[in-house]
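Okay, so subunit A shows up in both of these, paired with subunit B first and subunit C after.
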Partner chain A sequence: MNIHIISILVSKDLSLFFRKRAIIILTFVGLIFYLVIYFVMPSSVDENLKIGLYSPVSLPVFTQIDEEGLEISPVESEEMLKEAVLDGSYVVGISIPVDVAEKLSSNQKPRVNLYFTPDAPQEIKDAMEVVVRELAYMQTGQPLAFDVSEEILGQDMTGTLIPPRDRLRPLLAIFIIMMEILGLSNLISEEIERRTAQALLVTPTTVTDIFIAKSISGIGLAFVQAVLIMAIIGGMNRQPLIILVSLLLGAALATGVSFLISARARDFMSVLAWSFPILIILIIPSFTVMFPGAITGWVKIIPSYYLVDTVHRAANFGSGWGDVWVNLLILFGFTAAIFWAGIYILRRKFQ
Partner chain B sequence: MSIRRMGVLLSKEFLYGSRNYILVFSIVGPIIISIIISLIFGTWLAEKPRLGILDEGRSQLVSMFDDLNSIDNLEYNTISDMKRAVEIGAVDIGIVIPSGFDNSVMRGERTEIKAFIWGESMAKSRTIIGVTIANTVRELTGQKSPIEIETITLGDKASIPWNDRLLPFIVLMAVFLGGLMLPSTSVATEKEKRTIQALIVTPTSIEDIFLAKGILGFILSFFMGILILVLNKAFGTEPILLIIVLALGAVMAAELGMLLGVYAKDFTTIFAIWKSAGIILFAPAIIYLFPQIPEWIGKIFPTYYVTQPIVELSQKGGGWADIATNTFILIAIDVALIFILLFTLRKKQYTATGQQ
Partner chain C sequence: MSDYAIVAEDLTYCYGDLVAVDHINFKVARGEILGFLGPNGAGKTTTINILTGQMKPKSGRAILLGMDVAENVKKVKVDIGVCFETTNLYEQMTAIENLNLFARLFGIKSFDANVLLNRVGLEGRGKDRVETYSKGMKQRLMVARSIVNQPQILFLDEPTAGLDPTSSKAIHNIIIQERERGATVFLTTHDMMEADKLSDRVSFMNQGRIVALDTPLNLKQQYGKRALKAKVITPGGKLEDREIALDTAETPGSVKELFSQENVVTIHSKEATLEDIFIKITGRGLVE
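Take a look at the complex of A and B:
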């Protein structure tokens, strides 16, 4: 192994990488695109139903209810209530009629108006009707004939839910790392097709030097971009070391996959053809974070699941080494196997 | 122009083009984008609470929950399945309705429902599910609501859900990705490999070659447009008109693809043009995303005359009268593009020794 030769090969790879216009466009447009998506997503979770209440008479259940998820604010007039609903302060405005008490006591049904904005979904309108009707039942003292025993499964996150944008973090990390498969595969496949790799082997350069150089270039490119993006979107604020280790393993995994693809691909088109199905498969696990419950346990057979899960748990929950070491170990195992397979197949191709 | 030779070329395009990455990407790309968008706007950002139900008896509550619009229901057969669903967040709350629950509540006997709550569920989802269960049980026992509720929508502006706003973008993507990219990359590849010169020394004319590639682009584009509308259940009440508009849009896509093929020398150039000039194609769809942008701006772009009739027919329930003018403009654009294409083909003068 010759460090001087390796450094020359790395600098050659990097300059070749940055010379390919389509790859550069994909890389930079992709990075900006990811950041834009992240920053336009909601940064907080609105856990409560904000309700405006105009009630000329006192209805203790409506004003004093202590129910999680309900935030009822009194409003002075019906006009103010309508304005507040229209400007988005409340999801619904409840207007209680003046004669509510008399009608209830004489077994008549008072009419309660619910005000919504034009873009309120039908399910919210229906849900609010149900909420108001239940409050009315409680106000008139009609008890329920059943009890509910509750058990919280998992950590109760009420009040500390993860905003949608932070659920994107694992997806962004995996996207950036895996997109590098395209660039590195193209770089290596071109060397094979143009037989420059064989030309290198007649110099003092060994196959080991070439693989070390390719690995450094591939891992470096994927790792630096992923770390940069994760730092910008706040993914490194908690457990930075765990995030760094998982991103490094992810970058190595992507490099191993690139070796495998470049052994099969002959040109840029076939690199794209091989890369996209693999990219789609590797990205699937990030949907478990974005859409909880959408994907079942089979997703654990995909190596990138362990990268996604580790980044999600460390960046969003602050999980420590004790919580994620199994994930990292499995990710390391997958990475080592794929990396070794990539080198083995590519070495045969070189020879 | 020979129809037989064009048929031979077209069958070659079908045979070898089906192995082309662009063809696969043109089919898979819009479908994946469509699925992702419906997942994001149908599941992720929609905050409809999800209730899991395990019915140990034969409670009427289950069918009553099914009729409700305020929550989504999922039924489970075992408690372990339901607990697992709650743990992974497939449902916000899972309840166990004990055997004989209905009879107990109707007789006024105290009974109990066991509820498993997902730790990451939102407080408002828990509240909505809680009051929905309470309300439904009250309905079951025949309790009468003490109030009448009137729902009033304030303001007069019509709201367009994001799913609907994004439909023109997905349809344009489906129609133009394959329709434009397939003919252009196919021509560029023939140029790169110099097979186009080989064909020209035969009796095949350059028009035959381009038309065969254009027809393949048209078929793919037309098929994808229909598929995306079917997937999004957006065929409206005038499917024949919609199919005609999609066909005219597919013609435009194939013509633009052939024009791009005339000028682009390799795949990288086409890729770069697609990335930079793609904004011109998708501008009307982007404008449609933001209703506050004046509609006249969209009319500057040729794809507006595909987008507007599709939106009118698939989402607004419009008919021929609402799309006639723009459809005629679309036909005029298609005809104009054919003449431009023929003109550029003759101007380029492809010869056996290369284009001049």
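Take a look at the complex of A and C:
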């Protein structure tokens, strides 16, 4: 490994990257597009509390309530109620048991189930129990003994309600990082197909020097752009160190993927053909943040899920190292595996 | 210090079952130009790749400047220059940027790309991107890049293939200048005229083996047939060719008879070309 040679190669790679018009246009238009989308998204949350109610017995006061900030809609079954909460139609779902009347008449405590969205704030969870008791009081004219059980559907993200534009942060970060896959894959595949790598390898440059330089260029480009955009949209205000580490691992993951793609691709068109399906897969996890509950647990097999989830938790909920270390560990594992596989396959092409 | 710049000892390389280089042995003296001739697929480029440390031989040793290439590949690379058969320049960079990049990789501090560009006839085009160059210009730049580090051994793989005479001549001049500087030149080519003109010795490679290695003159004397070739007008007014073999007992009589009995229009000597000799040795042409 020769630091001097590596620095020359990095400077060459960066210079070439910024001369590729197609890549620059894609990156630049992408950045502007993401920022425009971010800033046109609502910056505040809808303060009306949407509540779904499943009640097999008639409780007119629940549905006829005209309290400011409460919108209660009846739902036909408990399963439908859960689904509606999961897909974000309601912040909370209230399920009244069938035997509510019998239990009350026999002095037993009926169990009322409350279903919450993953990111429902604790204040709402606390308030809902009070609301249920208050509504029951309005219905019967007397305080009633209830057991209220709370269930979080999906992942619990206790905190404040997140404005839609802030939900976009992980999506933007991953978009920026993953877009670099295109540029870097093209740079490497050209180096192989145009045999410029061969020209480098008859100088004192080694294959290791080339790989280190490509890694530095790829990770650097993706990381710097992601950090910049996160800073512009306020994504670094909370837990900046965690965000930086996640973005760095994400950039390394993207570089590893680029190595794999460039081992297969022959020109820019085949880079596009290989990159887009992979980009789409890697971007899917960010929709779990945009649309909580829309995608189920299988998304966790996608490596980028752990980047998205960490950025979301840290940037939007202020989650600390204790909350995200498992995510970061898994992300590191995926990144190391993909990076190693990329280098192993690509190295054979260089040799 | 070894007298030989290049020593190949029993070099062998296989692509699967195909033996591309088959136990070849040769030595190239310092300051010598060796023409390495052979048809496509003969194993020339594979040999260059082994000698320049890009491939490891299956067996045998390549020794450059007294160093075993396999064991000293980094040291060897400092002292060699390679011009590849196919253009492999950074096309989105300018010629000056290309040359400066390689000069920096070789650790050369005081380097003036324009001096090299003048030598290969690319003066005034140094700041243009290589993608705007013609094939001949790119090839000249490739040659310029291969001598950035003033190599002790210069490997040129088909440097003039498909080029116009001007570009070819510019490259020939560079080869001669490099030899005058003291460099050893390993030149692979299809062009027997080029090899004949530039090489101190030529090597014929066929199907992975070296089938002949000597000076062009010795090869011609050993394998060639000298002759006189004349065009005569027959009594019927037709133009016909006559050929008289030289170096035989009958030659003087045949020459006398030609001039006394025929109406000779033109006459000139005919020597065997390297192509003729290659065909004679291998039964196949250099260009197929």
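The working rule: the second predicted complex is superposed on the first by the 241 of 351 C-alpha atoms of A that agree within 3 Å, B and C clash if a C-alpha of one lies under 4 Å from a C-alpha of the other, contacts with A are read in each partner's own complex, and residues count from 1 in each chain.
By our rule, a residue touches a chain if its C-beta (ideal position, glycine included) is under 8 Å from a C-beta of that chain, and two chains touch if they have at least 3 such contacts.
Model, not experiment: these values are computed from the prediction.
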- Check the residue A:Phe28 against both partner chains and state whether it touches subunit B (first), subunit C (second), both, or neither. neither
- Task: Answer with first, second, both or neither: which of subunit B and subunit C does A:Arg195 touch in the superposed model?
- Result: second
- Thinking of the overlay built on chain A, is A:Pro204 touched by subunit B (first), by subunit C (second), by both, or by neither? second
- Task: Could you tell me if A:Lys12 is touching subunit B, subunit C, both of them or neither one (first, second, both, neither)?
- Result: second
- Message: I'd like to know which partner A:Tyr115 touches here: subunit B for first, subunit C for second, both or neither.
- Response: first
- Now for A:Leu86: first (subunit B), second (subunit C), both, or neither, which partner does it touch? first
- Item | Greater subunit A contact set [subunit C / subunit B] | B
- Query: Looking at the overlay, does A:Phe276 come into contact with subunit B only (first), subunit C only (second), both, or neither?
  - Reply: first
- Query: Of the two partner chains, subunit B (first) and subunit C (second), which one does A:Glu129 touch, if any: first, second, both, or neither?
  - Reply: first
- Those residues of subunit A which subunit B touches in one complex and subunit C touches in the other: none
- Interfacial residue positions of subunit C with respect to subunit A in the complex: 52-54, 74, 77-78, 80-82, 84, 86, 88-93, 97, 101-102, 104-107, 145, 149
- subunit A residues touching subunit B in their complex are 21-22, 25, 29, 45-49, 67-70, 82, 85-86, 104, 109-123, 125-127, 129-134, 136-137, 139-140, 142, 144-159, 161-162, 164, 268-270, 272-273, 276, 280, 287-288, 290-294, 296
- Message: Quick check: in the complex, which residue numbers of subunit A touch subunit C?
- Response: 4-5, 8, 12, 15-16, 19-20, 194-196, 198-206
- Across the complex, what residues on subunit B touch subunit A? 21, 24-25, 28, 32, 39, 43-46, 48-50, 68-71, 83, 85-91, 101, 104-105, 108-120, 122-128, 130-135, 137-138, 141, 143, 145-159, 161, 267-268, 271-272, 275
